[in-house]
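Every chain is named by a letter (A, B and C) in the order it is written, and numbering of its residues begins at 1.
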Amino acid sequence: MRIKGTFLDEISHDIPHQNWGYQEWDEDFARMKAVGIEMVILIRCGYRKWQTFPSAVLKEEMECYEPTEDLVKMYLELSEKHQMDFYFGLYDSGKYWINQQFQEEVDLNKRLIDEVWEKYGHYPSFKGWYISQECSRGTAKIVDLYAELGKHCKQVSNNLPVMLSPYIDGIKNLSQYSGETSKNQGVSLKDHEKEWDIIFRGIKDAVDIVAFQDGHVEYDELIDFLKINKKLADRYGLECWTNTETFDRDMPIKFLPIKWDKLHLKMSLAEQAGIENAITFEFSHFMSPNSAYLQAGHLYNRYKEYIHKKQENEHRAIKAAV
Amino acid sequence: MRIKGTFLDEISHDIPHQNWGYQEWDEDFARMKAVGIEMVILIRCGYRKWQTFPSAVLKEEMECYEPTEDLVKMYLELSEKHQMDFYFGLYDSGKYWINQQFQEEVDLNKRLIDEVWEKYGHYPSFKGWYISQECSRGTAKIVDLYAELGKHCKQVSNNLPVMLSPYIDGIKNLSQYSGETSKNQGVSLKDHEKEWDIIFRGIKDAVDIVAFQDGHVEYDELIDFLKINKKLADRYGLECWTNTETFDRDMPIKFLPIKWDKLHLKMSLAEQAGIENAITFEFSHFMSPNSAYLQAGHLYNRYKEYIHKKQENEHRAIKAAV
Amino acid sequence: MRIKGTFLDEISHDIPHQNWGYQEWDEDFARMKAVGIEMVILIRCGYRKWQTFPSAVLKEEMECYEPTEDLVKMYLELSEKHQMDFYFGLYDSGKYWINQQFQEEVDLNKRLIDEVWEKYGHYPSFKGWYISQECSRGTAKIVDLYAELGKHCKQVSNNLPVMLSPYIDGIKNLSQYSGETSKNQGVSLKDHEKEWDIIFRGIKDAVDIVAFQDGHVEYDELIDFLKINKKLADRYGLECWTNTETFDRDMPIKFLPIKWDKLHLKMSLAEQAGIENAITFEFSHFMSPNSAYLQAGHLYNRYKEYIHKKQENEHRAIKAAV
């Protein structure tokens, strides 16, 4: 169990931006690589009126603001330089779940996917897609959205993999704008299983990897949810990864890096559930020595010690076997 | 459009203090100067029982606590050293808007203005006044407060300029102590114009510069408010500046530095509205390489790149013209 | 009046962890020592399912998670290295005040105390106990809890001192998870005195040091509460210290380092009330040059200047007397 990928939180929804330029991102990709991260996932290419690259589609249809940099180009080039896989996150209008206008969200994103593939598809580091519309509970509409968008991504890109990162409607599933950190009642294991069985069945041909966020349930409930996710993914031939969050949902300050013990526990539980790959939300704020949150650099060091220890143990085991 | 001035957030109302001494402030003034900031505005000389200098008036009338440093003296001296203009912010009792005791606030501040001018008026860097009682909607009383205080400032100081920085009652006008970041309804353009027409008429002989805070409305509403502000200021012979906030009002964490793209957009919009000068709230927390918030240093670098690029373009234009 | 001790905020309840390893803690103990801190108090050895050392009792009875490090051992060794006194904080189940199961909390902690003393009692730096169940208002049950736990600590450890750090039910006594920073009504001086008279009478043989948190009342109310605390402690033969908090309760961001002027004022007031010793919550986040919150390092420098100035004044006074 190692962290193989990280989100790039641009455009950020709720975590203050770090205002990095090329040099800072270049350094950060090197730091990622040094602890085994080989995959970067742009969480969304645009959110409401903000965008990461100058998209003609988004400018015309959503009147998006002109970005000061083409971050998509920069990330693709840095991925090439550092030999990492880049996954492109779709556009989130910030409206679809309010007004139930799922089809508009789909149609817009399909035009955007075409534009993006034409513009950036030639980059060898362009390795996959991320559908940024996150959900936790099953509705027919969200299944259709995932299925239609996933299929379109695969179609234009010669079947590149598509990733989802849903969340569990657990006791820590609260608005970031609430002061509280937990509520009384989360989804039951039974309902979670029932609803995600339907969703997985509906998206199995359109999505390749599902990496549930691991931060919305209590630590002692996590293992059971992880096992259900793994079982369902296996049933429908999807890859089950975990999105092991590196920020702390238990604190009044929203959000700072997680305690190493918490991250360690969550990774161990995923391992117990038979999950082999993790991505995280996200390296650059919460786990990087370059982060504005200095706790993140210490988390990086603790994680580095952990992987070194693991490697030593593996070497020792191999030697012992020989 | 460049940022010509910054607030000094002492006594802070809602942003944690950085605990800087002389050396840190000296360095920070140099950093300001290096990006063209030539004006520092003490946001308030006192707030409730806290004060920035040992005022006899505030100690006697408000039982204010003895400060450990005379920050006013230090700021005036640093302004002299770095060739900057210092604006003095009046005292905010923290009571006047609750109890509607405007006259008491005025009377107290008039005695304070006398004390301050006698104590610090000889400093060549003492260049203006700031009325720290911020408002967003028109009431007869606030007009009287501004007019009476502004006139008194000008009277004692041989007509030094007086500045205001009001806010717009937009959808992001919420208490800092609320978890939320926006509300459903802000003031309409029509009401804003009507109310500020009355206020400007009432204060035109007492106030010189009005710099509205630009962070309380949605980014796509901002241009219309900026244009109204400019039109009204022109009508009454006031200078219309913008207070382009360098902290981010859209995040659950209150408050960290703003994303460069957001600041860039707001400055462009002010330019479009015909506004030439900006101040910001505020450099030392949100835009300084010395800030405890490390995102601020990166914002500084992005801003520096922007002004260099602008200068290059201007040089190129001049050369082309020659 | 100097700060003689600091809490070590492990397991943290509400302040994000810094993810320090041995090296960072070693450096931090040195920094503490350099400003006269001679005592470290582990605020709690465990909280809910998280623990600071691998306790057989907590694992068996509370199904606590295995910690990645034995922090108790590390702190005891670092205390020895830096010649500091270590106080051990008891376990907080996070349940007792909700379900009123005080006796379970007591019984569990008694078994834990036995385990801890057997495991770590031989360390020469093990110098006292801290009862981590904080309260502000008197109930018969909390008196029994303090009395029974305090006596058990003393009994197993050959009468090592026991410390409490209660809080005042002042206007700033709000949940950390509330956005607000104050409420309308706090406890009256009269009720505070009446209730704590009863508590002190009940715990006088079980507790040695009481250090009230000084951050829950307005600054201008503090002196009266400090005087009551001192008077009551004197009446029952307890040592009255103050817990002069180094974080700021007045800001929307929860929680960052306090302004030096506020800390300075609170220390002066404690001095006026005849209190000689202070502990703080806490050095490593809010007052340390190693803190992830960089304001803390500046607070450290301001505090260092203050103690140097004090020492100079004392030397001058001695010289003058000679």
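Annotations
In this section, a contact is a pair of C-beta atoms (placed from the backbone, for glycine too) under 8 Å apart; a residue touches a chain by one contact, two chains touch by 3 or more.
According to UniProt, the chain labels map to these proteins: A, B, C = Twin-arginine translocation pathway signal protein.
These numbers were taken from a predicted model, which means no experiment stands behind them.
In this structure subunit B contacts its sequence twin subunit C using mostly different residue numbers, the overlap staying below half. A rotation of 120° superposes the C-alpha trace of subunit A on that of subunit B, rounded to the nearest 5.
Distance between subunit B and subunit C, defined via averaged C-alpha coordinates, is recorded as 40 Å. In subunit A, 179, 253, 294 are the positions where the chain touches two or more neighbouring chains simultaneously. Residue ranges of subunit A in contact with subunit B, taken from their complex: 12, 14-21, 24, 49-50, 63, 65, 67-68, 175-179, 253-255, 291-292, 294.
Contact residues of subunit C toward subunit B in the complex are 179-181, 219-220, 248, 251-253, 256-261, 264-265, 293-295, 298-299, 301-302, 305.
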